[in-house]
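Both of the next two complexes hold chain A, though its partner changes from chain B to chain C.
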Partner chain A sequence: MEPAEVEFLAEKELVTIVPNFSLDRIHLIGGDLGPFNPGLPVEVPVWLAISLKQRQKCRVIAPEWMDVGKLEEIRDQERKEDTFTRMPSPYYMELTKLLLNYASDNIPKADEIRTLVKDTWDTRIAKLRLSADSFVRQQEVHAKLDNLTLMEINTTGTFLTQALDHMYKLRTNLQPGETAHSQDF
Partner chain B sequence: MSEAYFPVGPGLGLEESFLSLDDILMSQEKLPGRAETRLPRLGFALGQGTGAGDAITEGSKLEFPLWLAKGLHDSKRRIISVQLPNIYKEAWRTVLSADASVVDLHKMGPYYYGFGSQLLNFDNPENPEIAQAILQTFISRFRRIMDSSQNAYNEDTSALVARLDELERALFQAGQKELNDFQSWEKGQASQITASNLVQNYGKRKFTEVDG
Partner chain C sequence: MAAAGGEGPERDSDGAGEELELTPAQLIRSLEQAWLNEKFAPELLESKPEIIECVVEQLDHMEANLKRAKGGDLKVSVHRMEIERIRYVLSSYLRCRLVKIEKFFPHVLEKEKSRAEGEPSILSPEEFAFAKEYMANTETYLKNVGLKHMPPNLQKVSLLKSVPKPNLDSFVFLRVLERQENILVEPEFDEQRDYTIDLEEGSQHLIRYKVVAPLVASGAVQLI
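On to the complex of A and B.
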């Protein structure tokens, strides 16, 4: 999977916007959106919010967690614990990037938020590497990856699965005779 | 998804993977051994003697390619005997168990893992130790490969991969691809639409030019 595809999935998340136009309810395959009234907040998917924002038809209201105080708390919590903590949104990285790129004028302290999210991300990736290494070193057979987000899995997924694949085969070499002499074509 | 060609991975076991290019290349690696009987008309195939009918005398020391050694090896008839290449011997196994990450596996045989797994075919009494050594080598080198492949962004990686064997290089490439994809997404380059590789290459040579 490519990061762009993960971002595409993230665009289905809902954000609140305040439109400055009025429009009746619109009916889409994914569900009904609206009605849009000037000044009245309404929930829409991120892709629509960005599109409207680019045409200056709305103001984006940042998600509740996208706030310096809350993110500092999350970052500290993440640094303190050995396991992965629960993220406020399964797409926190993608949403931060999308919203800060297209609607940074509606989000207070955008730069600080960017840094905080990046710090949290770096902490989590370092943890992921560390646990992957100890997983391989101790030759474990399964691991529980609670609270990992799709983007995080995606940055190391291919590498890790390939490595584990090799390791599995090298380990079957240890038990000669039990290996099946067959091949899949 | 974006690539036109998916390489088949190495078999990495007692059987090689028929469709894997890596395994085909690996199977012609040389293996030291000795002829236990007279081998008529094989002198030519092994580069000894000139005439097509030359035989190899009993007891002569030879280097077989792996595919031939596998074919000639027979535990009952003892046509040839096979020795372990140095890297799989006790002395090197000790080195590898001390610190595997400093060993230049590419120099010691670019297909360390695949070739080592194939050696288990030859009923060597040291087989369990060899299999264990190969597995442990992989495990202790894993961290270094993971870290270097996922941190080296925009730099020359030739120094990093110089000591890796072919299997590890493929892993390294997988890690690099993930890193590069993520970085280009983060910088916003992923949203730019670019021409597919296939189309770009297509433009380089037109059929009309070849014909004309």
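On to the complex of A and C.
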């Protein structure tokens, strides 16, 4: 899956905005939104929030987990533990990137947040690499990966599954049985 | 303010009138689930004609509404953005299926031919026609380009044997939607014994596709 496709899924998450226009309820196929009143916060999907922000029609309010104190706690916990901590949002990386790219003026201490999220991401990816390595070494056939977000799984997902497939094919062909597909002429 | 800016369809109307009575929101969610499953499954999954028909109907309905809408530029553009998003998922889903049909065409046709009466089909009527045409074209092509120049006793090629089958032993990532108990995990070597695991709701796993194939078909797990 392309990272852009993971971002596409992340854009469905809801975020609070404060519009500067008014509009009555919109009945989208996926659900209802609004009504929009200037100055009153309303929840919309991220794809809409970004579009409105670009047209200067709203102000974005950072999600409550996007705060320096909370993110520091998460980063420290991630570094301490061997297992993966539960992240405040299954799309924390994508939301951080999107909101900080398009609405950094609405988010306090944007740079610090960017650094904290990146540090946490790096720690988690390093743990993922280690655990994928041990999975392969011990030839496990099952792994539980709760608390991993889609974007993280997606970084190694395709490569890992293809590599596992190749190894499986090589290993099963070591013991030719009736399943061996060799050609007879 | 123009009320016709984007009157969404009624909550319960789903014109195909099958046993599926989904709200539009649930319909879109099912489409996305089907899309993700199809993307990550190594084989061609069941075709979902009800979902596709309903989604196309919703999109057409919305497009028609938007054409009639007078003012409300913002409303129109919001609806259009949503339509584009849904259309992307739908096209990606259908394209993914076509790629698999082209890749595994003899096996897909064979499976369809040997399908029992009550079992759901893996090909929609259009996909079936496409697969048959693709197979006929490939056979003709092989014959004209190579086979007819071969010695007479080697002029047959079994596409079923020469085209690789989908690898059901490949690993997939999944998220559990409905709790499952006692799923048998078969290890590769005889020295490792079989063991069973329970799949908790909301947990994520990496496992062989073959083990969870029926769960994907029933919607108990979602491939990610």
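List of remarks:
The rule is simple: the second predicted complex is superposed on the first by the 173 of 185 C-alpha atoms of A that agree within 3 Å, B and C clash if a C-alpha of one lies under 4 Å from a C-alpha of the other, contacts with A are read in each partner's own complex, and residues count from 1 in each chain.
Note that in this section a residue touches a chain if its C-beta (ideal position, glycine included) is under 8 Å from a C-beta of that chain, and two chains touch if they have at least 3 such contacts.
Everything quoted here is computed from the prediction, not taken from an experiment.
In the superposition on chain A, A:Leu40 makes contact with neither chain B nor chain C. In the superposed pair of complexes, A:Leu28 makes contact with chain C only, with no contact to chain B. When the two structures are aligned on the shared chain, A:Asp146 is found in touch with chain C, with no touch to chain B.
With both structures placed on the common chain, the touch criterion links A:Thr156 to chain B but leaves chain C unconnected. In the superposition on chain A, A:Glu2 contacts chain B only, with no contact to chain C. In the superposition on chain A, A:Ser51 makes contact with chain C only, while chain B stays out of contact range. Contact with chain B, but none with chain C, is seen for A:Val136 once the two complexes are overlaid on the shared chain. Of the two partner chains placed by the overlay, only chain B lies in contact with A:Leu174; chain C stays clear of it. Shared-chain residue A:Lys97: touches chain B; no touch with chain C. Judged by the document's definition of touching, chain A residues 139, 157, 160, 165, 169, 171-172 lie at the interface with chain B and also at the interface with chain C. Looking at the complex, you find that chain B touches chain A at residues 1-2, 9, 11-15, 17-19, 113, 117, 120, 127-128, 131-132, 134-135, 138-140, 142-143, 145-147, 149-150, 167, 170-171, 174-175, 177-179, 181-182, 184-186, 188, 190-191. Residues of chain A that touch chain B in their complex: 2-4, 7, 97, 101, 129, 132-133, 136-137, 139, 154-160, 162-163, 165-167, 169-174, 176, 179, 181, 183, 185. The residues of chain A lying in touch with chain C in their complex are 1, 8-9, 21, 23-24, 26-33, 47-48, 51, 57, 135, 139, 141-146, 148, 150, 153, 157, 160-161, 164-165, 168-169, 171-172. Taken in their complex, chain C has these residues touching chain A: 1, 5-9, 24-25, 27-28, 32, 39-40, 58-59, 62, 72, 74-75, 77-79, 81-83, 85-86, 88, 167, 169-173, 185-189, 197, 202-208, 224.
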